[in-house]
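Okay, handing you the structure first.
We call the chains A, B, C, D, E, F and G, going by the order they appear; numbering starts again at 1 in every chain.
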């Protein structure tokens, strides 16, 4: 506990001091500590989430000032800047990448209301709205969607971005989105930063591209195969390829040298035939061509 | 790719692909191990069917090698 | 590829592909035989159907015959 | 293929691909190391440019044989 | 097709592809030689680079083999 | 390939593909005939259905020709 | 194909591809050697660049594999 933190804590009422101490002790028990955004999560749902995390991570919500004190006392000063808005503390012994993945996967879509700030671009997708022709087409056009009446219903002609991230949702937009059943928000525990064993990770670091790793695994395997085959190192995996390669080489040599081998004869005959046809293709005079090859 | 190779050895030896085991293998190979890369790899591979990815690579060696280049 | 060629000769002559036979063939060809490579090849071939591997290569379509020029 | 992966890690870490180092890496991965396979790998890789060999497509057997044929 | 094969043999032996030589080869093979066809073939081949034509037969099959695979 | 061409001429003329006939054809073409190759060819062709081998080839050339074009 | 494989081994070991050496290799592999085939093989390979012929087998596969895919 730093002297400065101690001083601050001294100024707090008893119950607050106790809460800060309890929080900071909790943080000290885990390898990783993070800040999660809780915006838009109803308290009932938050209880469920807390329960779902049991065994993986511990989620605590307190006043921001107390959370900041607790972070400072536990030595997580790097996280203090991330305590802003409606947030909680999360502590885990899990791999922070795995935690991020789990939290992202648990997010659910939710509608956005008038006056809220769009967390991301809001897009009306191309396609049939399923709404019968009527004034709704005007409402769509009014919010900036490329819509028209076609085949007896209202169609959106192309993906239309109707609001950019950070802008406020108007009453008209909220109505249209509601009518179309578009839920542009992702609601859930929003991991904003984690410190794991002293290293700070932000969501960009934590958002691993699983497909890229999968493709790396394939690349690594292919490279190992290439090396083993090219270095002629036999393993259960490469021996069939090596055998096939050796067979192919023998065959290639046999055909080029026209070696009189029973196995090669069918291919040699075929080769002779192919050469004859290739030569015949250069001959313009029908008269000079074998009957089989005349048009 | 050394982290991925290490995971593939563990996959073949039947050992668990976790942070400790990966770090041991990489340490033994003289790699200056970055903990966060190990962590990310472990988390990512949780969702990858390694045997399938490996055998798919075997099916299309030419293409795979190209990518590797 | 000399080790693999040697195994293929034994396969065609119907002799067993074991360390002794491989070594004999390679010796006769003046190859400076490395015991470990012989062992590794024998081990790798243990679970492989060599005829299948050969016939897959041989399945080479007729069209291919021209290739050799 | 675990032996080959081990060699690839050493190649990337810049350590020498020798019997001791390969054995260490495989040991760390819980592999029951066979000395002859390690020796064979070291021998096989002796004159090989690994970086080049990994990116050169290893013949796709069936098709390759066809072309060769 | 025997007339063209006869020309191919002469091409490989380095003998001139003329009426006499073609007739000799075909005769030896028991072919009932038609003089007019021999004449026509000799004339037709006058401006053809046989080696090039034949080697083109070799170039294609890789693709053909691939397609066949 | 001259030995193979010679066999194919005999096949078309309906003459037997034996050592004497092959030697005659090759002689007539000015080839310096090697008895051992003639022998080996006769032996190798014993169980081969030449017409079948040719007709299989005929199936492919379209593709080959296209590529060669 | 055992005769061809024997020639390929000799080619790799750097020994001369002559009747004696071929016979030794095939003998060692338990092959019942036919002298005329050995002779024929030596004759057939006389003017052939073996390394080039072999590497042509390797050259095609990438394309073929691609097309086959």
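Methods note: a residue touches a chain if its C-beta (ideal position, glycine included) is under 8 Å from a C-beta of that chain, and two chains touch if they have at least 3 such contacts.
What you see is a predicted model; the values in this text were computed from it and never measured.
*Asks:* Give me the fewest steps it takes to get from subunit C to subunit G if each step has to go to a chain it touches.
*Replies:* 1
*Asks:* So using the touch definition from the top, which pair is joined by more C-beta contacts, A-E or A-B?
*Replies:* Between the chain pairs A-E and A-B, A-B carries more contacts.
*Asks:* Report the chain whose CA-based centre is farthest from the CA-based centre of subunit C.
*Replies:* The most distant chain relative to subunit C turns out to be A.
*Asks:* Counting only C-alpha atoms to place each centre, which chain is farthest from subunit F?
*Replies:* Farthest chain from subunit F, going by C-alpha centroids: A.
*Asks:* Half is the threshold here, strictly exceeded: which of C-G, F-G or C-D has more than half of its contact pairs identical to E-F by residue number?
*Replies:* Repeat interface, by the over-half criterion: C-G.
*Asks:* In whole angstrom, what separates the CA-based centres of subunit B and subunit E?
*Replies:* Subunit B and subunit E have C-alpha centres separated by 57 Å.
*Asks:* Using mean C-alpha positions as chain centres, tell me how far subunit B is from subunit D in Å, no decimals.
*Replies:* Once rounded, the distance between the two centres reads 15 Å.
*Asks:* Could you tell me the distance, in whole angstrom, between the mean C-alpha positions of subunit C and subunit D?
*Replies:* 20
*Asks:* For subunit A and subunit D, let me know how many angstrom lie between their CA-based centres, rounded off.
*Replies:* Roughly 33 Å, centre to centre.
*Asks:* At which residue positions does subunit D touch at least two other chains?
*Replies:* Each of 1, 5, 8, 40-41, 44, 54-69 in subunit D touches at least two other chains.
*Asks:* Residues touching two or more other chains, restricted to subunit A: which are they?
*Replies:* 220-221, 223-226, 232-235, 237-238, 240, 244-252, 255-256, 258, 260-261, 263-264, 266-268, 270-275, 277-278, 281
*Asks:* Write out the stretch or stretches of subunit A touching subunit F in their complex.
*Replies:* So the residues of subunit A touching subunit F come out as 258, 260-262, 264-275, 277-278, 281.
*Asks:* If you look only at subunit A, which of its residues touch subunit E in the complex?
*Replies:* Listed in rising order, the residues are 271-285, 287-290, 292-293.
*Asks:* Touching subunit E in the complex: which residues of subunit F?
*Replies:* 1-2, 5-6, 8-10, 12-15, 21, 24-31, 60, 63-68
*Asks:* Under the stated contact criterion, what part of subunit A meets subunit D in this complex?
*Replies:* Against subunit D, subunit A makes touches at 220-221, 223-235, 237-238, 240-241, 244-245, 247-249, 251-252, 255, 267.
*Asks:* Would you mind writing out the residues of subunit C in touch with subunit A in their complex?
*Replies:* Residues 1, 3-5, 7-8, 40-41, 43-45, 47-48, 50, 52-54, 56-58, 60, 62, 64-69 of subunit C touch subunit A in their complex.
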